[in-house]
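Heads up, there are several structures right after this.
One chain, chain A, appears in both complexes that follow, with chain B as partner in the first and chain C in the second.
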Partner chain A sequence: MTGDNSCKSIIKNALLNKNPIFVSGMVIAPVIVLANNLNDAITLVTAFSLLTFFTLLVSSFIPKSIVYTIRIIIYTLIGALVYVPLAILLRYLMPEGVEALGIFFPLFITSSFIISRSESIFFRESKGKMLLDIVFCIIGYDAAVLLFAVIREILATGTAGGNIIGMPIVFSAFEKPFGGFILLGFIAALFRSILLLIKKIRNTNT
Partner chain B sequence: MVSNKKSEFEIMTDMLIVLLVMSAVAVYYYGLRALAMLVVTVLVCCITDIVCLKLRKKKIDIKDLSSLITGLTLGLMMSASVPYYAAVTAALFATVAVKHAFGGRGCEIFNGAAAGFLFSALCFPDGMLTYPKVFTELPFSSVVSADMLSQSMTKTFLLTGTSSVSLIDVLTGKFLGPMGTGVVILLVVAAVFLMFRRSVSAITFFTELAAIGIYALIYYDFDLMSVLYFFSSGMLLFGMIFLSCDYSVIPKTRSSRFIYGLVTAVCVIIFHFYSGTENAVIYAVIIASPIGIELDRRALSFADMLKGKRRIFKRASKPLKNINETLEILEKNEQE
Partner chain C sequence: MELLKNIMITAFIAVFAENTIFSRALGTSTLIIVARNRKNLAGFGFSVTYITAVISVLTYFADKALNANETGYIYTPLVYIAILGAVYVITLLCLWRFAPVIFGRMKKYIHISAFNCAVLGSMFLISKYCVTLADYFIHGLGIGLGFVLAVYLTAIVYDRIYSEKAPYAFRGYPLMLIYIGILSMAFWGLSGHTLNY
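Moving on to the complex of A and B:
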């Protein structure tokens, strides 16, 4: 968070300036492995968003007086408690998708995202702003994952959401984790360059 | 840098001369399509390099021949029938993702040509790993008919353990395979020339040659012809000279070069023994390159440590005049 903590600034930071994927590089392992296409990405972001939101929401009630080490353990416990009903629900709604998530779904409980968001804002901001930050950080993460998955799917298979779009050449290496990693790196670099360019243009205008 | 005495430009010039000779042979064997392929890879590497340098606001160095070398190496590693887009993809990947993403010339942790080839082979396996016969008239179109293509001699040799290619054809590179990596006679001359000119590391090369040679002798029951097939196929000899001894990724110290050569050889052996993959040397080079860089770091810190100890030892061995001098030396040592 920057010094400016207005709602607009919180939203802008969560979506752009400190985007969890493209700028902060948080929780990228499941994205690289699983977000091969739009359908898989939708399952991934659904599972991640629900688990993270409810874990953070419940975790926000933990008092500051509890020491850091214990707080972290409690966050994980809350995450595990949220995971159980959520896994049952998602297995009912999207069984194949949840199956594809594999080990990464339960691992979301211990994601760096939960720790970083909870520890950086819980004890400095009001409940309202905290909720706003969580919601927009999750939206920023989801948007980045979906954008990445769409680009990856187009490049790797020549389809978008399963529909053939007639790409003349497809690069199947992007389907593999190493290809996904490289692609994510390049998209993140491009994203940062665009942000810098916008900042530069604004500075010259002012 | 392989040798401290030689400039990077001189090393690159030597490499370029050898690669140009090998390119000429490739053009003689596969005609104008091979030439077109080499031109495409070189042009893409050079243009992308210039664009990346401009984007990074770096100065363009005319003496930097690395893009030419990467382009030619990449071209020679490919089948003469590879679709042009596969060659372009490999060249783009080698320059953008391997060279400039890591900070440009001298900062690469992988050999550009090896990584580019591997990426393209993973993207277009059908086009990259099927080969036309030598002296076949290939069309200029991007995609060559599958009827004109067959699997490589390497693949046949790996599957059956034998090959029908004659000794002369093996030595002159007249077998199904990449367009410029199989001419054994030329590769031997190139290796001798480059080692004589100190443009590739003899230590690394001979370590690899010895380790892989011993393995091949044991694996093929001391059948020398099979050992020759083994070395000439799968770009092994070519990879040992141009990829694993590449000046941009090879370690600086002698001991590191020896270990690096050994690691590369072990990787080649493992890939050959357990996976039976074609072009095992490329995978081995990709894995061994970062290890080489780490070896350099360790060797330098070890050398620094030794230097420090020697200095202390020299000072301590001098006859001391009085207690004040002793205290001074101890203070200096502590400060250091």
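Moving on to the complex of A and C:
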């Protein structure tokens, strides 16, 4: 029962309460700069998900007996090693998308996600819970990026997935990094309000 | 005179016009963490600037070797991480051996000042835009100073952003993003962009 509850809370935290993008502010640089439309966002989340999952999976075997100074270098070196086959694979599968990622693809190696998740969960949780946490945090990140990219694309260009949807007015400034910061700030505030509203409704019902 | 002019222009571009945070959002997550504690700001700023300056010189030599190889770009992150790791360990060892007091103060945040997107991103940026060793060094130093400027500009409003006077939905992280966005817009204007009417 306790196990179920904690699994439920891991999933709830990863997707909602501690969503990496809308609540915790992790790995937001590529989102601010690149997540301008759905197509770019799909490439972004593919690269992020694969690199982060395999890096964290391999990093989980690093023993705690190694001092933190060395551990942090090992995590990033694992990330850099995972990057090599992944970059070759993605360049083959989606060459234009990877080109558009530019320097942000290798920068996932030192993302706050890898550094913080590798330290915060591996030494406290079982392998099963750790895997669950990684998978749902990545899903939470991906869902938030895709949602953000769709909203940004609609507002900035009046299209959704490249299809014109006939917006009466577009705000092209949202395509710029400053527009990304401001829009993400407003969406994060809206997300918090929705979470609060859900909490209030639940409390009223109980 | 020409050299001094070039140095000034490179430094200006790195600190203001192409500020890592405000133009490319590099290291935003780190900035949000570091801005919480104003006490560590000077130490953090010094260590970031020191690391970006030192690694920029080493990046120059690494790029020479990598550019000579056709598939070098695939291994670039691995080489850069190795450089970063070496600088990080050597710096910590030197501080521990020769300046234990400074080591005690800096060990809390030197890892976050070395392993973040702004620092690794600075290696990719200087590699893309710089040619000579002097360019690499000045740009690396400028990127470090630009990051410190961004952290400072964020830290000074931190208390207000997290104040209870701010509406709950916006308090903290959302307001921080909007604030950085407004600063980013100002820096974007500084680099000479015009609006299309």
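FYI, the second predicted complex is superposed on the first by the 201 of 206 C-alpha atoms of A that agree within 3 Å, B and C clash if a C-alpha of one lies under 4 Å from a C-alpha of the other, contacts with A are read in each partner's own complex, and residues count from 1 in each chain.
In this section, contacts are C-beta pairs under 8 Å (C-beta built on N, C-alpha and C of every residue); 3 or more make two chains touch, one makes a residue touch a chain.
For clarity, every value in this text was computed on a predicted model and none was experimentally measured.
Shared-chain residue A:G185: touches chain B and chain C both.
In the superposition on chain A, contact of A:L107 is made with chain C only, not with chain B.
After superposition on the shared chain, chain A has more residues touched by C, the comparison being chain B against chain C.
Looking at the shared chain after the overlay, A:Y68 reaches chain C, while chain B stays out of its contact range.
By the touch criterion defined above, A:F171 reaches chain B but does not reach chain C. Residue contacts after overlaying the shared chain place A:L197 against neither chain B nor chain C.
Using the contact criterion defined above for the overlaid structures, shared-chain residue A:C7 touches neither chain B nor chain C, since it reaches no partner. In the superposition on chain A, A:L89 makes contact with neither chain B nor chain C. Residues 176, 179, 182, 185-186 of chain A are contacted both by chain B in one complex and by chain C in the other.
Chain C makes touch with chain A in their complex at residues 22-30, 32-33, 74-78, 80-82, 84-85, 88-89, 92, 111, 115-117, 119-121, 124-125, 128, 168-170, 173-178, 180-182, 184-185, 188.
Contact residues of chain A toward chain C in the complex are 23-29, 32-33, 68-70, 72-73, 76-77, 79-81, 83-84, 87-88, 103, 106-107, 109-112, 115, 176-182, 184-186, 188-190, 192-193, 196.
Residues of chain A touching chain B in their complex: 169-173, 176, 179, 182, 185-186. Interface residues of chain B facing chain A in the complex, by the touch rule stated above, are 85, 89, 97, 101, 119, 122-124.
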